[in-house]
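In what comes next, chain A is part of two complexes: it sits with chain B in the first one and with chain C in the second one.
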Partner chain A sequence: MDLQALLDNRAEAAAIILFGIGLTTLLLHRNLLKKVIGFSFMDSAIFLFLASEGYISGRAAPIQSAASDLPASAFINPLPAGLVLTGIVVSVSVTALMLSLTVRLYERFHTLDLDRIVRLAREDAAVSVGAAAPVGKAERKAGTNADAGAAVSAGKAEQKSEKDAALPDPERRDR
Partner chain B sequence: MRNDLDRDLERSLEEPRPAHSRLDAAHLHRHDGRILRQEAALSARDEQAQAVFTVIYRVLAVLAAAGIILLLLWSVTDLPAFGGERNPADNEVARRYLEDGVREGGALNLVANIILDYRAFDTLGESNVLFTAACAVLLLLRRQRRADLPHAPEAIEADPPADPVLRAGAALLSPAILMLGLYLILTGHLGPGGGFSGGAVLSGALILYRCAFGGGRAGQLLTYRVWRGATFAALAFYAVSKAYSFFTGANGLPSVFSPGTPGSLFSAGLIPPLNIAVGLVVCCIMYGFFALFRKGEM
Partner chain C sequence: MPWWQNIPFFSVLLFLLSAAVCSVLPPAGARRWSRAVLALCLLFSGLLAVLLLHSGGAPVHYRMGHFPAPWGNELRFGALEALLAALFSFVMLCALLAGGGELRGRAGLSRESLYHTLCMLLMAALLSQVYSNDLFTCYVFLEIMTLSACALIVYRNSGRSLAAGMRYMVLNMVGSGLFLLGVVLLYDLTGHLLMEPLGASVASLAVSGAYRRSLTVIIALITVGLCVKSALFPFHTWVPDAYSAGAAPSNAILSSLVSKGYIVLLLKILLRVFGWNPVVLSRVDLLLLLFAWSGMVFGSLGAISASGLTRMTAWSSVAQIGYIFLGLALGPAEGFRAALFHLAVHACSKSLLFLSGAKLREAAGGGDGFRALAGAARLRPVFGVCWTAAAFSMVGLPFTGGLVSKLLLGSAALGRSLPVAAVSLGVLALSTLLNVRYFLRAALILWSPGNVASARSGRDPAAALACGALALAVVLSFVFASPLLEAVSAGLAAF
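So, the complex of A and B:
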């Protein structure tokens, strides 16, 4: 890889590295809030990239002065500024939507861990299917949770007690 | 970065995944006989499979991310030099906006010309994206609607009394920030500023005021009805006025909006009113996001 070329394009290279940080955060973290942060990183990286594409050394921001009519060669490219403005608004909207969905998921499952949410949602689905049967899985499920607490107090896997106590009671969830 | 990831990987290898399925299995084993023992064996195998999957996933994720970064960095080396005068991005489209923008649009701020005149339809869509997101957040987070659900979130207690420093600072600062926001919106066609930045500054002042003096007093200023009305009126005004200007402009008809004298406050045709409309939408929606996330109501 040509390092000199990377140095010449340092703004774009920085944008790519920022994008990579966001992508890695998105892939490796199970916490939903951290995923949202990773997403915002990727947004910002794209904006930095676009803005640096429009920059021209030694030229001014594209605002014409009333007194003197400056030529077009006095200004940087105004188009990326307009595009980035659009992008920022959309990224704000998407972030707000993701955060509000996260709030609702937390209210329902009392955790932000995506794996745990998926598991709990699957159990919920299984319970609602089994509830039709005479000896529904729902009862067994409720008993399981209560007994899990008993097993914990008996001394098994004490470190997990807090995590499991945080699990919501399936009966409390609305369907 | 690499080291951190490696350490993460090692940690995930060392500690077994927290799984309450094992507790379930233990209990079921005591409870019933053969079937449940099978289930326990199954869940143990599940757990092992999941741990292996996690490791494989993490390794693959790191490899994929590193691969994408290296590929993109490699393509960055082929880009034209940063800030060069003859870069292909600086083509005839940008030159046209720079040369004829002031004559055709009337605003000295050439970016305002682009987003509110040449590409105004795009900006209308953008405002609608913001509005749609606000509607979705309202549906998801509004407490009133969820009050009759079986597990409505516990009522959030009243705002704690704010710090005296915060109160004094907000009393001093929020009028000044409001003025700055209004200035940015009203002179968006003459200099840096415009509806988006000015609206964001305005909403910042409102949020500061609300943090310091509580939702009650801010709520008197901006109730849900006012919020809804202002947002809707601004969007409707934008859509109607822009529809008119597209119709007249595209068909070469005489229009009541003229570019005027570039540089004076009342110039640039539709751009200042559209800036006000966009500023109103952005301010209302940013403040609405804050209020909904904070308390679940306006």
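So, the complex of A and C:
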């Protein structure tokens, strides 16, 4: 392997190494937050790669003004920047969804360890096979209370009962 | 330009607008709106397919924006794309019709509108992937599809579905990362994002022999990325949990539309961008064959050991994705035709299995275990018959489309070299035997004179209609196999 070639393409090489770090973190780390960080790393590495490919040293930013009549060869390639921008939007929305899922999972299982979460969720399903029925009942009860008129207190009761119903059995025992 | 060439663009736009509209409509309104839009899209996509088939089959390039081919963005469609759009709208319509009751019953009323919003968004993404000719546009809509699919999984908001959604996201983001890296490297190598200029560049690179290693890496990255996303065998780990925790319409949509969307995109890239020879040179076809073979066997083994009906169906999905990839790995013309035919048959029959299975479960009291389901089909014979028809199609019994696709796969395998053909046929036979084992066992349990105590009565004509339509599609794909195959071949030639 030619070292000079590696040095010339250091941005690309760094991007691929970062991509590998991000990918392994996303895939292998148990902690959900670190998974999200790994995902962010991975996507940023691709954007670094794209941006460094689009840049041509010694050329101007691709902004054409009426006064200047420079040829296209005087500018850097504008398309990768556009792709990076689009990619960032996609990456941000994915990160937002993954983080919101993480928040919900943490509220329910009080851990960020995905393996543990999966185990707890399976145990939960095994313990309460007909879980759907009690949840529905609790909600309905709270709903009829609210109809009866005691709006404030019933609202609280509804919130509480929903929370109780949503918690899996192991957590209820913990509390 | 004739008016009908606007249909693909406007169907994507209509679904995007419908997503916004559904989010503000009350549940009943959103339900009616989404059904109407899907029926409209089904009608016009079918019309487009007929018109394209009759106009000689030449593909249409539809320019988006002001810039011509090598720079601008465009849609490109032939008869096959239109047929796929019609198929996807049909399956989505049936899933929403048959699963509507479950959506109303389970979650709060206000969230049902959001479910329809997600479905509309998913359809927009799916159709863009089918129609778009630009690789980066495909990537963006791929992610939109992944996000809406994840939201469909966690719709029930139970601990299990949230955990399954997270696992789905993790593996899918790995797939997306690999795919995106592949696309970026390909852009780096060729300077194009539109598929036809890309294809020309890749072909000239393959001829000159330059960048052979880079090209191999790119082909592997894109193919494996899409394999991961479509839950092919070693990357299937989220499937059983996600399907057994999800609502029935979500399962039908995930198994029949989302994973199929990725496969269609892969097929498009294999045909239009890489061409088959570079793929064979890079040996990625052997990799696909290995994945497909192991998926067909291990998916079926997983289904045999599954404890409940939904889990069994989910595992069978893993096996069936293996069948489709076997077709892809067997190469152009015959193999691709078999893959596409099986894709269509599987989209109909797998969604039918999930939807009618959910109805049977509901009749038997809600439990998913086989013991609880004994005799469920006798309580709801309509859904029982539909489920059985779909199961027969999975096994590949006569009078169902499954038989045709298995025969096509077999004949495609015979065209390959002796070891590949031998192993493919052997795996096909083994997987079919395993299919017989678990589907017939489930069918026998469902039809057995069981003692189902809590027989809830409840009529759901919309669900019966939707399941009936899907079952009819499964049978008709056998009866009209030869004209369908002709259309698929004509479409493939212009794909």
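Points worth noting:
We adopt the following convention: the second predicted complex is superposed on the first by the 126 of 175 C-alpha atoms of A that agree within 3 Å, B and C clash if a C-alpha of one lies under 4 Å from a C-alpha of the other, contacts with A are read in each partner's own complex, and residues count from 1 in each chain.
Keep this in mind: contacts are C-beta pairs under 8 Å (C-beta built on N, C-alpha and C of every residue); 3 or more make two chains touch, one makes a residue touch a chain.
Please read all numbers here as calculations on a predicted model, not as lab measurements.
When the shared chain is aligned, chain B comes close enough to touch A:72, but chain C does not. In the superposition on chain A, A:93 contacts both chain B and chain C.
When the two structures are aligned on the shared chain, A:23 is found in touch with chain B and with chain C.
Of the two partner chains placed around the shared chain by superposition, chain B and chain C are both touched by A:101.
By the touch criterion defined above, A:53 reaches both chain B and chain C.
In the superposition on chain A, the chain among chain B and chain C reaching more residues of chain A is B.
Contacts of A:124 after superposition: chain C is touched, whereas chain B is not reached.
In the superposition on chain A, contact is made by A:109 with chain C only, not with chain B.
When both complexes are aligned on chain A by C-alpha atoms, chain A residues 19, 23, 27, 53, 79-80, 86, 90, 93-94, 97, 101, 104, 108 touch chain B in the first and chain C in the second.
Here chain B touches chain A in the complex through residues 1, 5, 8, 18, 20, 22-24, 26-28, 31, 58, 61-62, 64-66, 68-70, 72-74, 76-79, 81-85, 87, 89-90, 93-95, 97-99, 101-102, 108-111, 114-115, 119, 122-123, 126-127, 129-130, 132-134, 136-137, 140-141, 149-151, 153, 190-192, 196, 262-263, 282, 286, 289, 292-293, going by the rule given at the top.
Taken together, the chain A residues at the contact with chain B in this complex read 1-2, 5-6, 8-13, 16-17, 19-21, 23-24, 27-28, 52-58, 61-66, 69, 71-72, 75, 77-82, 85-86, 88-90, 92-94, 96-97, 99-101, 103-104, 107-108, 144, 147-148, 150-152, 156-157, 160, 163-164, 167, 172-174.
Considering their complex, residues 19, 22-23, 26-27, 32, 35, 39, 42-43, 46, 49-50, 53, 79-80, 83, 86-87, 90, 93-94, 97-98, 101-102, 104-105, 108-109, 114, 117-118, 120-122, 124-125, 129-133, 166, 168 of chain A touch chain C. Within the complex, the chain C residues that touch chain A are 106, 136, 139-140, 143, 146-147, 150-151, 154, 157-160, 162-167, 169-170, 173-174, 176-178, 180-181, 184, 187-188, 193, 241, 245, 366-369.
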